[in-house]
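Common to both upcoming complexes is subunit A, partnered first by subunit B, then by subunit C.
Let's turn to the complex of A and B:
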């Protein structure tokens, strides 16, 4: 009975290679997405109307269209211009677009969360705008922004499963292959679910602990 | 191009059907879960917390495949549409349970104590005191989740539900113009989420005006 109940665990090793790909994809996307987010956040408050409009459109489409559609736009759309990125590169581009859009919102609201008096006080004591941002605003905004940014990272680890649809060899691709070979669909996908949960649940708990910790210093 | 757009747009019905069904079923199923999280019985509370957290810890695509391919292997065969609605309903249930919980915990405990002190029954207290105040917090969050659900419904295309994304995929294959086709479908999703976003903002401001206590 017990061996029967645990038979799905035999499929875990076959999925490990997918975990590596999923984590690599998440890591790359989170770093690139953060920098794109900074650019977009900066652009969306720009005084140049064209820059502002472009930033807003990129953010709205990045957040408003399904990630799966963004993936297809890049993977099946770029070949229309004789550009054929690999599946992995396509996933990086599409996910970075989306992660950048979400990060931009977090970055913007984190900066907004710092009371106006802080930057006014910084200017009164003679700081220039750059110094006031660097020494006064940014350190406080980071405390607000880190937990939501880490939640975005966890979200995107889950989103990497979508890259299955464009043949990136991540966890679901490996699982689907195993399932079609063994016909043991239920057990294989259960193993995949277990892998995702075993990474997502501990990291989520860590983030909420960190959030409580940082909240004490606000 | 209009023909392509028209062909894709025929998928709006299936997309909205999945979204609206999952939203409704999930929203109803989440009610007992939210109440169970405030139960006196520790085991019940723990059980609900585990269910809610595990469902949300696994990507929707994995649940979808587990339900559609996995359950049919176990003998429970479902059409792609039924599998998609069932899966997204359970996922929505978990998110709504969390949203309700957040709404309930935002409510000052004194409100319930006061209604009890006034001699209201538990049901009346929920109906006239708790729910109207909680809805103000919860309404906009539900609308936001509804938009997320609309986007997630695109995953149903991977198990063969002929909705917006599926139709776009087949058009992209036929015309070889992936960018145009998927840009169109992206735009359709944006347009569909617009009313929900407006409703959310409207409900939020109207309720804030009515209950200007907080």
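Let's turn to the complex of A and C:
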């Protein structure tokens, strides 16, 4: 039955086009998600009650609802309101929502992780709040927050496979197409798994190296 | 900002005056109507049992803790806090803080910056000195605390005693009129604490004005010009260190001294 242990590799080229789409989707979502996360983190500690409430609801829904549900809300739900984003745009919106919610939590806890004594030290040397954040708090929070943010990025690269459900031509979509043509499901999806792993495993290793490097002066 | 010194009857120019400082947390009066004056070049030690409000009082002087009530005056600047009235503006607080340096029990150096940058950063951002000027001054200060070799080291690469000496240099870099030391050796081994105390001793000899909250009785006795004993949020005794230590007039002081000196 297994004539050649490496026969599944023949399907890799057919899936490459999906890798580009998955990486593009991940890249856009991570960048947008980070900025949304900053906004939500800032909003969730706002003294304006309405801002705080909105931020908290967006964060809780983004983290609480399954990604697939968010995808369907955007892709299938928005057209009811005469908004018809493309499949790719829908994936960007839904994933950014979720990534933003997770990033907001990482950003908030990273800032909280900087000891109170640091801002006290900045105050007593006369620094104002902006300088204190820019030169003292943010650089330390970034060292704490970068590794978890990168782990979110890795996770969202894997999550892009869900965008298959709304016809985004990413890796899974390409794989499914191949499988329905060849009926070699096992090999085709093995090839897909290999592609995901060949990106996530080195990236994960990179993150743990980076983590050690960043923690050096903390 | 009104200037209480202008219509005060004292003729001697007061350097720092913290008067009627009270800090309450709910029912608890952590600091209860404490007044302290200090002249230029004077070193005052505040001693007393743990929980007496020494550190809280010290932190009220530069408004790291907002006192419930009280006035702090340094030179021409004066900030008053009254219950029920508007809290002082950020600008007023900054004016006081600019004249006051502080050294913490836990050093609080910036871990992501080298020793030199720890000392230079505020000079550049607050005093608007150039990078070269700031670094030059920082290097001189590091030399003064005996750590010029550590200028490129990060705090994590320095011992506790070295970190505290760097923190002292960082505070001095802003040319404060008064230095506040909040139990500067409590987090250190006695041996390492000694190197910090000897730096403080030298600075005192050179005319530094300082308020020191400490449990180092020998240091308090030998270096400070005046000793203040705080118990339960209040000053119970104040005076010449040798006299207080050899002949305390207050029962609580006697109890405290026999506990710490007898060790």
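Points to keep in mind about this one:
In this section, the second predicted complex is superposed on the first by the 215 of 218 C-alpha atoms of A that agree within 3 Å, B and C clash if a C-alpha of one lies under 4 Å from a C-alpha of the other, contacts with A are read in each partner's own complex, and residues count from 1 in each chain.
Keep in mind that, in the parts below, contacts are C-beta pairs under 8 Å (C-beta built on N, C-alpha and C of every residue); 3 or more make two chains touch, one makes a residue touch a chain.
No experiment lies behind these values; they were computed from the predicted model shown.
In the superposition on chain A, no contact is made by A:9 with either subunit B or subunit C. When both complexes are overlaid on chain A, the residue A:196 reaches subunit B alone and has no touch with subunit C.
Residue contacts after overlaying the shared chain place A:183 against subunit B, while subunit C stays out of touching range.
Contact with neither subunit B nor subunit C is seen for A:208 once the two complexes are overlaid on the shared chain. When both complexes are overlaid on chain A, the residue A:128 reaches subunit C alone and has no touch with subunit B. By the touch criterion stated above, A:77 is placed in contact with subunit B alone, subunit C being left untouched.
Taking subunit A as the reference chain, the count of touched residues is higher for B when subunit B and subunit C are set side by side.
With both structures placed on the common chain, the touch criterion links A:158 to subunit B but leaves subunit C unconnected.
Judged by the touch definition given at the top, the superposed model places A:46 against neither subunit B nor subunit C. The touching residues of subunit C, when paired with subunit A in their complex, are 62, 64, 90, 94, 97-98, 100-102, 104, 106, 108-112, 121-122, 125-126, 154-156, 170-171, 173-174.
Residues 53-54, 57-59, 61-63, 65-66, 69-74, 147, 151-155, 157-158, 165, 168-169, 172, 176-180, 182-183, 185-186, 189-190, 193 of subunit B touch subunit A in their complex. Contacts from subunit A toward subunit B in the complex involve residues 60-61, 64-70, 72-73, 75-81, 158-159, 161-162, 164-165, 172, 175-176, 179, 183-187, 189-190, 192-193, 196-197, 200-201, 204.
Of all the residues in subunit A, the ones that touch subunit C in their complex are 115, 117-118, 120-128, 131, 135-136, 139-140, 143, 216-218.
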